[in-house]
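Chain naming follows the written order as A, B, C, D and E, and within any one chain the residues start at number 1.
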Amino acid sequence: MNGRKIGEVILDLKNISLSFGGVKALTDISFDVREHEIRAIIGPNGAGKSSMLNVINGVYRPQQGDIILRGEHHANMDSYGAAKAGLARTFQNIALFKGMSVLDNIMTGRNLKMKANMLQQAIWFGAAQREELEHRAKVEEIIDFLEIQHIRKTPVGRLPYGLQKRVDLARALAMEPQILLLDEPMAGMNVEEKQDMCRFILDVNDQFGTTVVLIEHDMGVVMDISDRVVVLDYGKKIGDGTPDEVRANPDVISAYLGASH
Amino acid sequence: MAFFLETLLGGLMSGMLYSLVALGFVLIFKASGVFNFAQGAMVLFAALAMARFSEWIPDWLGMENLFVANLLAFAVAVVVMFVVAWLIERLALRYLVNQEGATLLMATLGIAYVLDGIGQTIFGSDIYKIDVGMPKDPVMMLESVFEGGILINKEDFIAALIAALLVISLSIFFQKTATGRALRAVADDHQAAQSIGIPLDRIWVIVWCVAGITALVAGIIWGSKLGVQFSLSTIALRALPVVILGGLTSVPGAIIGGLIIGVGEKLSEVYLGPYVGGGIEIWFAYMLALVFLLFRPQGLFGEKIIDRV
Amino acid sequence: MSVSQSGRASGPLDTFPRLLLNHAATRGDRPATREKYLGIWQTWNWSQVAEEVRAMACGLAELGFKRGDNLALIGDNRPRLYWAMCAAQMLGGVPVPLYQDAVATEMAFVLTDGEIRFAIVEDQEQVDKMLEIKDQCPSLQHILYDDPRGMRHYTQTYLQGLDEVIAMGKVHDRNQPDFIVGEIANGRPEDVAVMLYTSGTTGKPKGVCQTHETFIAAAQSGVGFDHLTDQEDILSYLPMAWVGDHLFSYAQALVAGFTINCPESGDTVMTDLREIGPTYYFAPPRVFENLLTTVMIRMEDAGALKRNMFHYFMAVAKRCGSDILDGKSTVSSTDRLLYALGNLMIYGPLRNVLGMSRIRVAYTAGAAIGPDLFRFYRSIGVNLKQLYGATETCAAVCLQPDREIKFDSVGKPAPGVEVKIADNGEVLVRGKLLLKEYYKRPKDTAEAIDAEGWFHTGDAGFFDEDGHLKIIDRAKDVGKLSNGAIFAPNYIENKLKFFPHIKEAVCFGHDRDMVCAFINIDMGAVGNWAERRGLPYSGYTDLAGKKEVLDLVRECVEQVNAELSHDAMVAETQIHRFLVLHKELDPDDDELTRTRKVRRGFISEKYNVLIDALYSGKTSQFIETQVKFEDGRTGKVAADLAILEVKTYPTMKKAA
Amino acid sequence: MKLRKLAAAASLVAIGLSGALTTPAFAAEEQFFPLLVYRTGAYAPNGVPWANGFLDYLKLTNARGGVNGVKMIWEECETGYATDRGVECYERLKGKHGGGTAVQPLSTGITFALTEKAPVDKIPVITAGYGRSESQNGAVFGWNFPLVGTYWMGADVLVQHIAKKEGGFDKLKGKKVALVYHDSPYGKEPIALLQERAKMHGFDLSLLPVAHPGVEQKATWLQIRQNKPDYVFLWGWGVMNSTALKEAQATGYPREKMYGVWWAGAEPDVKDVGDGAKGYNALAMQHGAEPDSKVVKEILEKLHAKGQGTGPKEEVGQVLYMRGLISSMLQVEAVRVAQGRYGKGKRITGEQMRWGLENLDLDQKALDGMGLGGVMRPVKTSCLDHMGSAWARIHTWDGKKWNFTSDWYQGDEKVLRPMVMLASAKYAEEKKIKPRTPEDCKK
Amino acid sequence: MFYRENGQFKTSYKADQQAFAIPQDRWAIYAIVAFAFIGVPLLVDEYMFRAILVPFLILSLAALGVNILVGYCGQITLGAGASMAVGAYAAYNFLIRVDGMPALAAILLGGLVAAAAGIVFGAPSLRVRGLYLAVATLAAQFFWDWAFLRIKWFTNNASSGSVSVADISLFGWTISTPTDKYLFSLGILVVFAVMAKNLLRGNMGRQWMAIRDMDVAATVIGIRPMYSKLTAFAVSSFYLGVAGALWGFVNLGSWEPAAFSIDRSLQLLFMVIIGGMGAISGSFFGAAFIVILPIFLNQMLPLVGSLFGLEVSTALVSHVEVIIFGSLIVFFLIVEPHGIARLWATGREKLRLWPFPH
């Protein structure tokens, strides 16, 4: 009765290279992501993980390489295009809208699905209200899912770090993405919060069938929940495979041992 | 051709005068992130102080010597500007550290009101004269080359020289003195500067003092050129495109920006103005700055802003 | 199938399912159940509830649930768990609610003892507990869950979602509409309606079987007594396994037809309480105490002006508040004016932030409430009353009538209840509301109910001249000092606990020459107090050992002594020595019951060394204790506890 | 309504402050004037002496015993030359002490705004020497009184003057005249007339606007240097004037060929330029600086000598001071005229004041009586002509003071009248006003 | 303290998503609006109407426009006055050039033209930010100042550049008395405020705030910065344009470009910052503060002076007035940089929690 079945390749990155004014952030990286899987990108600090994520969702444009999303080439995709194509993401340094409540933050995630025009919104009654209420109901499900009912109307700025991360995830989920990119979702959390987050990631993947691409600095947690892992070091791919394969990969071992011990 | 050169020269010299005011903006923005809308009010305040003291001091001392009177008045005005700078930092900006740019900008507008009010209360709101012996009459150059020669405004020329001098001395101050180096450190990174033991409060007072002196010099030059009265404070608005064009954080930017704006607006007024009815120089200067911005959003010499995710 | 059709099951309203159908017929559009879910108060009216319950009952029947079966209910106060009770009753089964925060092994006992075949649980967490003990409970055949989240990968065949069961039931009901009507018709008032397990202050929990008849009688007496209507709102947040919740949120709601409101989650009870603003409220003293403590702590953070205003008006309220509430004519007009002002400035807002603005009647029971605590709520205009009862008596024996409130009494016997005091001081009860039996424990049943039908409550008490019952303590807990003076530890402990800084107290003195006490400080209140004084501390143990804190506690104890000295009966039992425990007493460590009653015997055994130290005149004592953490791990806490002497006061003779 | 009380209290104080002349002893009949002045901001140097002269004449009137015993009272309100503040001042003061008699907005912007309100409130708006030129037409602008002269008239006189200098209008053909003007409605007023005149006489008019406040004119003067116009008309205001003179000096344009409007021909415009402005000419509508006139002597003697004067003694008699004084005088005389019809020694209303203003007839005798003989020429208004006189002279700065350097000129009605009629007709159409007929005037 | 919220629970999203979800707030707003429409006209005199209330209402509307842009979308503007000018002159042209054009339609069309101009001059916001943008908007300010002086067509060839309109009428109601003007302005303000509230609590408002708070994150969730910023400029300019048209038509009657100078822009920005950025109520508080304070000081100071037996000249009063005004602004920014609206919200929150401090 397993809910998810790992499917075909949904996202294929080919020979991605990215540099900033001569500094190479990513060198010739290729890997793919299959539908419904949890794909982790790990590597020591400065390995290019964040750059990789930024490339995938169009914040950075790679100098070389191709991004194939569901068979379509997307090398010149911008963030907006990525969002439209069903990619959502969270941020390592929480990028919530600090002047808004939790509810409003999550509601922004629905913006692509809201259709009422400006005049309708100004008049409110009718189309705009109906739409607003529909989306509110959707958002409430996410709030319930992530167990953040008690902070629904709190301004996000007042929340502790762990909860902010959860709201960040909620906002991404509100987009009903096909692919969810998580940028160090467990950074800075305590053990309990990490466990919660793992549970949420698994639940998302499981219940909504969302493909998850996550990057993480800390190997431990990730290995438990990922289906396949890419390992980056100094902008280069040094390993790719199931957690067990990667753990056994001598390059990975040396990179990790060399970097962190 | 001669006329073109004259316009060019005129623009350059106006530009230098704008730069003088722009410098004040840049100094303060660089060190404290405050976009000081009160710069114009400071210029007026300084000029008023200079003008009035140079009037009063001979009365008080009962002597006639214009040079001595000006010198003394200058000294007093310097002190006055130091006090003003210190008070601004003490009473207002100290409490506004880390506020948003717009808030700071509003605060300086508030300060401008206060300065305008106090200035007029103490010094009066009539027209006053600063006579530092600047020559008023024009000279002609290259009369052999062009018919009628090229007109040089001696006053502007001297003013431009003084402006240049000020920039050089400021550069030296920044490069060679300990305080100057501390100032630059603060400009680069507040927190880092603080962590290596540079007292931010004091640095900011110093910056405001330096800006105060710049305002005084600008005030004297503009004042002797235009007469000291309320409208002097509006020259700050003329200097704004200069700062934007040059970049908010760059001293050389203020100079180059001033020259570009000065030349640009004069040429536009003289050559384009007549076709559209004239009076275009102000908005033209702003448009010029704006067009530059579209290509370099951080200004000519400003630091590039990089988004991090 | 329609509501009106179900309404046919009229006749005598003597079982809960019949009551339900009656409400669906007579007030079908009134809200019956609300639950804060997905951000709003989802509302079901009586007709909808009746349909849901019917469907659920049919579904259960489909699964094989039959007359006489017991249905365990485990979870927070969820509407469908309440409905499940009624569904079980429709089929002639018996719902058995369990404490949802109990660990699996505790549940295993009840499941086995109660021969549970069906369990309806709230969510994955409870399912996991069930699975853990499934093997120990051979009778357990079906586990149904309310919330399907996270349940996708549970492949066990005996697991089913409540949704599916209800859907199944709806089909079943459509096919055999007469089935459920017949089942309801077959219900008899003398059938067992619910089985509630005693909290087990003494020994293992026992299943108390109550019939429809008894519970309806108990509920009716309360409803009539307080003139409750179908307009009331009550917040259902207390454990469903507790008799109090069952009486108020289930029995009375069904008798009177008012609305129950289920909070969104444990974290949001206070917010939800404020939103709903119940008109009828029930909470154990503990809750009122915590609320008061919060009030006091928060007021300490207020500005001087507000604080002074608060204290001034609280003094006014203390002077005349409850008299005004009681409608006494003795209050001066100045006081009335001041009280009105206070009502505008302080009491009203206070009631509002406490969620008590709309309360008409509030009850507390379950443990003795400190008179000062009681007086506080009454003085700010909350009509808080005490009731006295036990699981065995459907929670209702005595109720305080409006306008006849005495702080130290629990009121008069409820309509239809006989109460008498045995020779040994024990309170005996007889009436309709007595339990049918202890489940499968005829011996215990016989012990509790004597031949004449008197139920022995185990509490010591007496009637005063107005016929109000006063409870001193548990009959077995009332002791004597070695000089023969009566020693009622609870009485003293409650006085101590009224101080916001003291969370828990345990007094000793039986057969000894003086009274000594263990104290638990309130982490929240004292922590806040310490922070404002710039007192650094690393945790409970550290804070509890601070000299400043000890002095603070000593002041509290001395004040209690001063109060005790005013009353000749208890003046001898002033506290002479005390210590502040190095750890908080905790149900997980078996020091408290799940209802947070002190397990005196267990404690005196566990901390024997400390008691010895108290009575041997030592000034300090080292102790090391094992504790259980929330995640199940264990650890050790050790400390050198200071023992403090306290000033005592000479007995004040009451002026004749 | 708290504010209203405060306002009332504040005005009481202000009255108390304005000197011993308004003590309750004189409470019998009082004529109230709201005073919109600006003593701060960019134009303070011009606003202050004007206000001082204005006040002093009111005080003098009271010292002379009032108008048939009616005392003048007033309250000052600072507008800072800002339109909305001016409107606020007007609204605040107009209803006080039985209502304002007349108001002098002293700013083109405020004049425009008050022109809308005057007919409603029935308070005449006096704009002595400024305001809308077309408001001379009393038929359309029933409540506006551009007494003494309008900008069109002023510009007309300037053209007449240069024509005379050149030796006749026909000599103007082919000449170049540059108008350097403040880029605002004020500065743009004369353009229409100058264009008309340029068409008539064939001179070449170039327009050089200077943006407010006018501290930067380098480009303008470079253009002048290049075009070398025969005359420069300076239609500046405040700091723009002195800046223009300094730029003229810096670019070597002869000041003798520069002619200022009468708001560009006072002491503040030239005093900090000093010698640099020597030879600069300006229009003087009616009066100039009159430090030796009888009225000035009387003021010095009756007020300043007793410490009751307004402002510094040295300024008494200067150009702007005199302008304030004469503005004040016209108003007082209108009161007198109105009293003549509506009852001597009685307080008159705004509507009666209008009648007074429309029937002013200050002949030489009257002027002499007020000590203004030689200072100005007679003024005679009518229902349809709200200007009353079109006399002006030219005065020239000699580095120390202003001296008259021309005879009297009179604005050319043949040129002015059609323009006034045309412009006022357009206004009437925009505002849907039905012009008054001579019959209406008789009512 | 006066909030008794027990029992005010929401059983639908519709109830929960109301503009004012707390009934007490809702009733207070209704009461205020009713008072403004019915009570005020009975109570105040012409001076209050003309000198204070009408300017206050119109400037509130303008401040609302600025707040949408600055407070909600985070784009600083110093060119608000220019948008008002565009609105005023455009409305003027519609009125006089199109026969039978109703005044209200002209005003709204003026707003639309201002919106279009706003989009054009808002375009730099896509490239430049913060203070640089502020200065860029000054370009618009100076450009329009110039254009309305110089380009005669805009002023219907009025020689002086100043224009005037007759009393306007609305469905047969001629707006001529101060009370009419007040009610007309109030009506428009209420409608526009409601629309602003609706926009800001919906998707559009959230997009703007998202751009303001964290533009990168906003882009990533599919908000187009260009669309959001330009709509903010458009809506803001629309409000400003309507306010400008009202300022010209209703408050002044005839006007010149100086009525919408840089001083007006700064004044509006002041209102928003003092009143509270990102709060609709802030626009009203700010407008009240900026409109009333100087007048209040101006009338107050002589009184205070007289208490101490000082003679306070008009000039001194106005100097002290600007000094106090300036100081108060600085003081305010120090004490509550988020403006009066935040103070108000905090106070309200305190009242809800009363007697507790937090």
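The rule is simple: contacts are C-beta pairs under 8 Å (C-beta built on N, C-alpha and C of every residue); 3 or more make two chains touch, one makes a residue touch a chain.
All values reported here derive from a predicted model rather than from experimental measurement.
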item	value
Pair of chains joined by more contacts [C-beta pairs], A-C or D-E	D-E
Farthest chain (mean CA position) relative to subunit E	C
Chain located farthest away, centre of subunit B as origin (C-alpha)	C
Distance-to-centre winner among chains (Cα means, whole assembly as reference)	E
Approximate Å spacing (C-alpha centroids) for the pair subunit A, subunit C	46
Approximate Å spacing (C-alpha centroids) for the pair subunit C, subunit D	89
Centre distance in Å when subunit B and subunit D are each reduced to the mean of their C-alpha atoms	37
Where subunit A and subunit D are represented by their mean Cα positions, the distance between them in whole Å	73
Touching two or more other chains - residue numbers and ranges from subunit A	59, 91, 95, 136-137, 140
Junction residues of subunit B, two or more chains touched	120, 125, 277-279, 282, 309
Contacts with 2+ other chains: residues of subunit D	39-40, 44, 48, 183, 209, 211
Touching residues on subunit E, where the partner in the complex is subunit D	43-48, 50-52, 55, 96, 146, 149-150, 159-162, 164-166, 176, 252-259, 263, 292, 294-296, 298-300, 302-303, 305-306, 311-315, 317-319, 322
Parts of subunit E lying in touch with subunit A, wherever the complex brings them together	13-14, 16-17, 195-196, 198-199, 202-204, 206-207, 209-210, 212-214, 216-224, 231, 235, 278
Residues of subunit E defined as touching subunit C within the complex	1, 3-13, 15-16, 353-358
Contact set on subunit E toward subunit B in their complex	70, 76, 124, 127-132, 134-136, 138-139, 142-143, 145-146, 149-151, 216, 262, 266, 269-270, 273-274, 277, 315-316, 319-323, 325-330, 333-334, 337
Subunit A partner contacts - residues on subunit C that touch it in the complex	37-40, 149-150, 152-153, 155, 264-265, 267-268, 271
